[in-house]
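Listed next: structures, encoded as C-alpha cells.
Here chain A shows up in two complexes: once beside chain B, once beside chain C.
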Partner chain A sequence: MTIQGVNFDFGILGPISVLVITGLVVLLVDLVGRAVPRVVLYGIGVAGCAGAFIALAPLYGRSATTVNGAFATDRFSWGFSAVLIFTLAVTLLLSSLRNADDGNSPASYAALLIFCTIGGLIMAGATTLIGIFLGIEELSLALYVLAGTGYPRPASEEAALKYVLLGSLASGFLIYGSALLYGSAGSVSLSALSAAASSLPLLFVIGFGLLLVGLAFKLALSPFHLWTPDVYEGSPIAITAYMTVAVKAATFAVLARFVYTVFGHDSVALVPLWLLAIFSMLVGSFGALRQRNLKRLLAYSSIAQAGFMVVALSGVGEYGLSSLLFYLVAYALMNLGAFAVIAMLGDGDEAYADIDAYRALFYRRPWVAVALTLFLFSLAGIPGTAGFYGKVLLLEQGFAGGPWGIALALALIAGSIVSIYVYFQVVWAMFVPQEGEQPVTAGNSWLTWVPVAVGVAGVVALGVIPQVFVSIVSSSM
Partner chain B sequence: MISVLVFLPALFALALLCVPRANASLLKGIALAGALGTFALSCVLLPVAPAGAAQEVSDWIHGAVGAAYHVRVDGISVWFVLLTTFLTVPAVWAAFSYRDLARLRGYLVLLLLFEWTLLGLFTAGDLLLFYIYWDLMLIPVFLALVAFADTPSARRAAWGYLIYNLAGGLVLLAGVIALVLHTHTFEVLNGSFPFTPVLQRWLFAAFALAFLIKTPVFPFHAWMPAAYTQSPSSLVAIISGVQSKAGLYGFIVFALPLFPDAAQYFAPAMLVLAVCSILYGALLAIAERNAKTLVAYSSLSHLGLVLLALFAFNFTSLPAGVLMIVSHGLIAAALFLLVGFIEERTGTNELAAFGGLAAVAPRLWVYMLIAGMAVLGLPGLSGFAGEFLILIGAWQTQPVYTSFALFTVVLAAVYALRLLQGTMHGPLRVPADVPPPRDLRPRELGLVAPLLVMIFFLGVWPAWLNDRVPAQNPAIGHTTALVQPR
Partner chain C sequence: MPDPAWTYVLIFFVVALVVASLIAIVPGIFTKKRPTPEKLEPYECGVPPTSAMLGRFPVRFYLVAMLFVVFDVEAASFYPWAVRLRDLGGFGLLEMVAFIVVLGIGYAYVWKKGGFSWR
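Showing the complex of A and B:
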C-alpha cells in the first residue's frame, strides 16, 4: 500500500500494527467499560502479544524493507523483536499480581507498556538514524512514566525523576551524535554511513562517539550506569524486569545493526565500545557484591551482563550476531524468571526483594527455591544451563576477535569469577536451615508460575540441547 | 551402557525424591541399592581395561565449534570409574547415621548426584562434556556444606571450596575455548594438533591451574583444610577419595597428551610444587591437632607424590600414578570414615579432647591400625606399593626432586603414629559430657571392611592393577617421550 509516495508493507509492519491496535483497544475498553478489572486489561495485552507473535512468525528468515527502506525485517530485527514481545507478555503477567504497583490506573499502565514495546520494535527494525531515534524516544518516554507508577512510594518517584533527567541528557547526546553522523555522510541511512566508516573523518568519529554515549546510557554500560541501581530498585518489580531485558534487547539490536552494517569489520572506532564493556563487566560484578536487595543486586548484575553481551560483537565475527542473540534469549529467560520469583513471594509486593525474605526459603518453598537457584546458576554461568552455553559462545567470539577480543574475553572471565559470590550468596541464604521466626512468603499466583516454568524449561533446554536453538537462530539470519 | 552407568545414580536420586521423607528405611534401601547397582554395572567395564576403549558417540552441537556427546572408558579411566563407584557404596551407607532423619533424603540425593557428576567427568570423551561435569561437581558439595553440615564454620568453608574451584574452573574454561578455536572441535582426544609453543604454554598453564586447585596442590590448598574438616565424613570420603583425583585425571588424559612440549617446559615448576606439597603437607599433618584435618593434610602430601610421578616422565609414571591414586582413594576414604565414627561417638575431632579408645573399642582399634599403617606405607598394604613404585620410578629421571620426596616416608610415619597413638592408645579419655564410646556396630564394620580388603589386596598383588594400566595414554597417538627403565 502506498500513501503519498511512501510504501507500507503491513506484513513487515505486522507485529507493530497488532500491538498498536492492542494498545488502543485496552484504552477503549477502559473508557467504555466501568471499573474493568485489571486482569481483563492485561489479558487483552497478553492476547495482543500472542497476536504479535503470529504476525512475526511469517517474517522468520525473511529479509525485506518497507517505508521506503527506512524499516526492515532482517537478521537484526527478528530475534530481538521476539524477545521484546516475550518480555512484554511476562511483564503484563507480573503486573497483574494482587500487590503489584501500577499507579491505580491499569489501562494507561498497560497501554504505556505496549507502546514502549512498539518503540523497541521500531528500534529493532529501523535502518535510519531518525528511525532509531524515534524508537528510542518512544521506548524511553513511556518508561519514564512507568518507573514512577509506584507512586506514592518515594523510591519510585526518585527513580522516575532520575531516569527522566539523565535519560533526556542521553537523548541529547544521541540526537547530536546523529546530526554529526548525518553531516559526515550526507544521509540518515545507515548503509550510506559505511563509506564514512571506512575512512573515519573527524565528524564521523565525534558523531559516533556521541551516539555511543547515548546508547551506553540506555544499556547501562559503565561509566554511564550511575542511574541504574536507584532506578531499578525504585521502579515496580515488573517494570524493573522489563527494563533489564527489553531495553537491552532493543538497544543491542541497534548496536548490532550499526556495528555490522556501518562498520562490517573490526575498526579502531569501536575501541571505546570495547572499553565500555570491559569497564561494565568489572564495575557491575564488583558493585553487586555488597547488595542486600535482590532488585539492586540484579541491577548491578545487569550492568555486568550488558558488558558480557558486547563480547559477542568483538572482532565483528561471522557468528557474532547469533551468539549475541543466544545470550540475549538466555538472559531474558533467566532474568525474567528470577524477577518472577521475586514478584511471586509477595504477590508483587516490593518488600520481598530484600535478601532476608529468602533466608531458609528452601525449607518453606522448596520448588520456588530450586527454580530461583536454577536462574541464579544460569546467571553465574554454571554448566548445564543456558547462561553457560551462552558464555561459551561469547568466549569463542572474544578469543577469535583479535587483541581487543582477548581482552574482552579475559574481562568476562574476571567478571564471572567476581560474580560467583554475588549469585551464590542468595543460594546460600536460601539453603541455610534457620530456626525461629521466618518471613511469610505465601504468594503463589499462577500468573508468576507461568514465567517461572517457561524460564526453567528454557534455561535447561538451552543449556542441555543448545543445538536446537542455535539452528533456529542461525536460520533466522 | 556407559551412559546408563553415568546417569544411574542420578536416576536413583530422582527416585529418592519420590519417596516420602518420613519413610527412612525405604530411603536408605533405595540409596544403597543405587550405589550398589552402579558399582555392579561398573564392574562389567573392567574387562575392557587392558584392551582398547569402549565408547559411545552421538551428535550434540555443530556450528563454528562442534561438540559431541562422547563417553568412553579406557585402561586409565576405568580405574577412576571403579574407584568412584566402589567408594560411593560405603559413603552412602555411612550416611545412614546422619543425625536428622527429616533431612536424610536431601543428603542422600546430594551424595548420589555427586557420584553422577564424578562418573560423568571420568567418562567424558569430549572437552565440553568434561568441563560441564568439572564445574557441576562443585554444586552438590557446596549445597551439602551449606544445608547439611549444620555448623557456621561449615557454611564458611563452603565459600572457600566454591570460589577457589569455580575460579579455577573459569580459568580452565578460558583455556578450553582458546584451545577449541584452534581445533574447531571439542573432540580433542583422538587427534594431534600443532600449537605454537607460546600458545601451548598458555593453554597448559590455564589447564594446570584448574587441575592444581582441585587436587589441591601447594600453594592452592587454602580451601582444603576447612572443607575437608567441616564436611560430614561420608561426604569427605568421596571428596578426598575421588574428587581430589579429578585434577590428576585431567593431567593424565588432557593436559599432558595435548601439550607435551609445554608439559616438559613446566615440568621443573610442577616438580617443585609436588615436592612442596609432599613435605609441607606432611609437616602440617605432624603439627595438626584435629584428626580430620590431619588426614586432609596427609592427603595433600600423598597426592603430591602422584604429581611427582606424572612429571617425572618415566616409563612407570602412569601405572604407578594410577596405583597410588586408587590406593590413596581407598586409604583416605577408610580413614575419613573411621574418624567420622569416632566423631559420632565423642562429638569432636580434636586430638586433645579424647584418647585411648582402644580400651573400649578393640574393633575400631584394629581398623584404625590397618588404615594408619597403610598411610604410613607399611609393606604389604597398598600405600607402600604405590609410594615405592613412584619413588623408584621417579628416581631414574629426577633424582634430586625424588631425594627430597623420600623424606615423606619418615614424616608419614610420624603423623600416622601420632594419629593412632593420640586416638587409640593410652588411658581412656573422653569429653566430660559424653558416655563411654561403644565399639563399631556391624554396619560400620561391614562398610569399611571392603576398603581394608582392597588395601590388603593391592598391597600384596599390585601387579593386578599395574599390568592393566598402559604406560602411554591410549587415547592419543603421540605422547611425551618416556624414559625406559634401565
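Showing the complex of A and C:
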C-alpha cells in the first residue's frame, strides 16, 4: 500500500502494531475496570506477546523493507525480534509474583514494559539513523521509569536517577554522532553511509566515534559500564532481567546492522570497538570476582558477556551475524533462567539476591539448585551447555578475523577462565552442606517454573544438538 | 569551497555578532551611571522580588511541567498537519485520528490517576 509517496507494509509492521494495541488495551482495562488484579493485566500483556509472535512467524525467511526503506525485516531482525518478545513475556511472568515490585501501578508498569519492547523491535529493524535513535529513546525512556518502580527502596530510586542521568548523556553522544554522520554522507540511511565509510572523512570518523560511545553506554561496554552494577542491583528483579537481555539484544541489533551495512568489511575505524570489547571482557570477569550479591555478580557478568558478543563481529566475517544470534539466544535463555530462579526463591522479593542465602540450597530445594547450576555452567561455558557452543562459534569468528580477531578471541578465553571461578563460587555455596539455621525460601510459583523450565530445556538443547539451531539462526541482512 | 548558499548564514552570523556587541558595549561607554536601590534589584517584570532565588520547589511543579511539555509538544505536531491538511487527504485525517486516540488514552489515564489534581 502506497500513501502520499510512502509505502506501508502492515505485515512487516505487524508485531509492532500488535504490541502497540496491547499496551493501549492494558491502560484502557485499568481505566475502565475497578481495581483490576494485576495478574489480569500481565496476562493481557503475555497474550499480546503471543499475538506479536503470531504476527512475526510468517515473516521468517522473508527479506523486505517498508516505510520507504526505513524499516527492514530479514532473518537477522527476525531473530532479534523473537528474543525481544520472549524476554517481554518472561519479564511479565516474573513481575506477577506476589512480592514483585511494580510500584503499585501494574497497568502503567505493564504498558511501559510493552512500549519498551516496541522500541527494541524498532531498533531491530531500523535502517536509518533516525529510526535507530527513535527506537533507542523509546526503549530507554520507559526503562528509566521502570528502574525506579521499587520505589520505597532507596536503591531503586538511586538506580533510576543514575540510569536517567547517564542514559541521557549517552543519548546526547548518540544524537550528536548521528548528526555528524548525516553531515558526512548527506543522508540518514545506513546504506548511504557506506560510501563515506570507504574513504573515512574526518566528519565521519568523529561522528562514528560519538555514536560508538553512545551505543557502548547502552551496552555497558567498559569503560562506559560504571552505571551498570548499581542500576542492575537497585532495579526490581524482573526489570534487571529485562535490562540484561532486551537492552543488549536491541542495541546489538543496531550495532551489528551498522557495522555490516556501513562498513561491510574490516575497517580501521572499528579498532575502538575491538578495544572496548577486550576491556569489557577483562573488567567484567575480574569485577565479578568479589561480588557477594548475585544481581551485582550477574551485572558484571553481563558486562563481560557484552564483550564476548562483540567477538562475533570481529573481522565482519560471513557467519558473524549467525554466531551473534546463536550466542544471544543462548544468553537470553540462561540469563533469564538465572533471574527467574532468584525471583522464584524470594517470590519476587529482593531477599534472595545475596549469595549467603544460597548456602546449602541443594539440600532444601534440589531441583532449583540444579537448574541454577545449569544456568551458571552455561554462562561459564562448560561443555554440554548452550554457552559452550556459543563460545565455540564466537572463537571461530575471532580466529578467522585477522590480528584483532585473534586478540579478541584470546581475551574471550582469558575472561571465560576467570568467570568460571566466579560462577563456581555460587555453585559451591549451593552444594556444600551447612549446619545451623538456614534461610527459608518463600516461593514456588508455577509462573516462575515456566521460564526456568524453558531455560533448562533451551540451554540443554542448544548445548547438545546445536546443529539444528545453527541452521535456524543462520542469518543475513 | 563550501556551497555558496551558506554565505548567507555567514553574513547572518557576522551581522548578529556586530549588532549584539554594539548593543552590549555602546551604552556602557556613553551613559552616566546613577544607581538607586530599585535599579539594583533583579528584574522580575515590575513585581518586587519576594523570596530568595535558590529556594526549594515542591515536586508537584515538576509533574505539572512534565505534563505541560508532553501536551505542548503534541499540540505543536498538529501545525504541520493542519498546513498540509488538503494534500494529505483522508489518510492524513485517519493518521491524526489514530494519533489523537493514542494521546487521548494517555490523557484519560493521567486524569483518572489524579495526575492533574494539586495534591
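Please note the rule applied: the second predicted complex is superposed on the first by the 469 of 477 C-alpha atoms of A that agree within 3 Å, B and C clash if a C-alpha of one lies under 4 Å from a C-alpha of the other, contacts with A are read in each partner's own complex, and residues count from 1 in each chain.
In the analysis below, contacts are C-beta pairs under 8 Å (C-beta built on N, C-alpha and C of every residue); 3 or more make two chains touch, one makes a residue touch a chain.
This structure is a prediction, so every number in the text was calculated from the model and none was measured.
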{"item": "First, second, both or neither for A:Leu395, with chain B first and chain C second", "value": "first"}
{"item": "Which partner, chain B or chain C, touches more chain A residues", "value": "B"}
{"item": "Contacts of A:Ser108 with chain B and chain C, given as first, second, both or neither", "value": "second"}
{"item": "Which of chain B and chain C A:Leu31 touches, first, second, both or neither", "value": "second"}
{"item": "First (chain B), second (chain C), both or neither touched by A:Ala250", "value": "neither"}
{"item": "Contacts on chain A seen with chain B and repeated with chain C across the two complexes", "value": "none"}
{"item": "Touching residues (chain side chain A, partner chain C) in the complex", "value": "3-4, 20, 24, 27-28, 30-31, 105, 107-108"}
{"item": "Residue ranges of chain A touching chain B (in the complex, touch as defined)", "value": "318-319, 362, 377, 381-384, 388, 391-392, 395-396, 398-400, 409-410, 413, 416-417, 420-421, 424, 427-428, 431-433, 465-467, 470, 474"}
{"item": "Chain A-facing residues of chain B, complex", "value": "59-65, 103, 128, 131-136, 139, 142-143, 146-147, 150, 155, 158-159, 162-163, 166-167, 170-171, 173-174, 177-178, 180-181"}
{"item": "Chain A contact footprint on chain C (complex, rising order)", "value": "87-89, 91-92, 102, 105-106, 108-109, 112-113"}
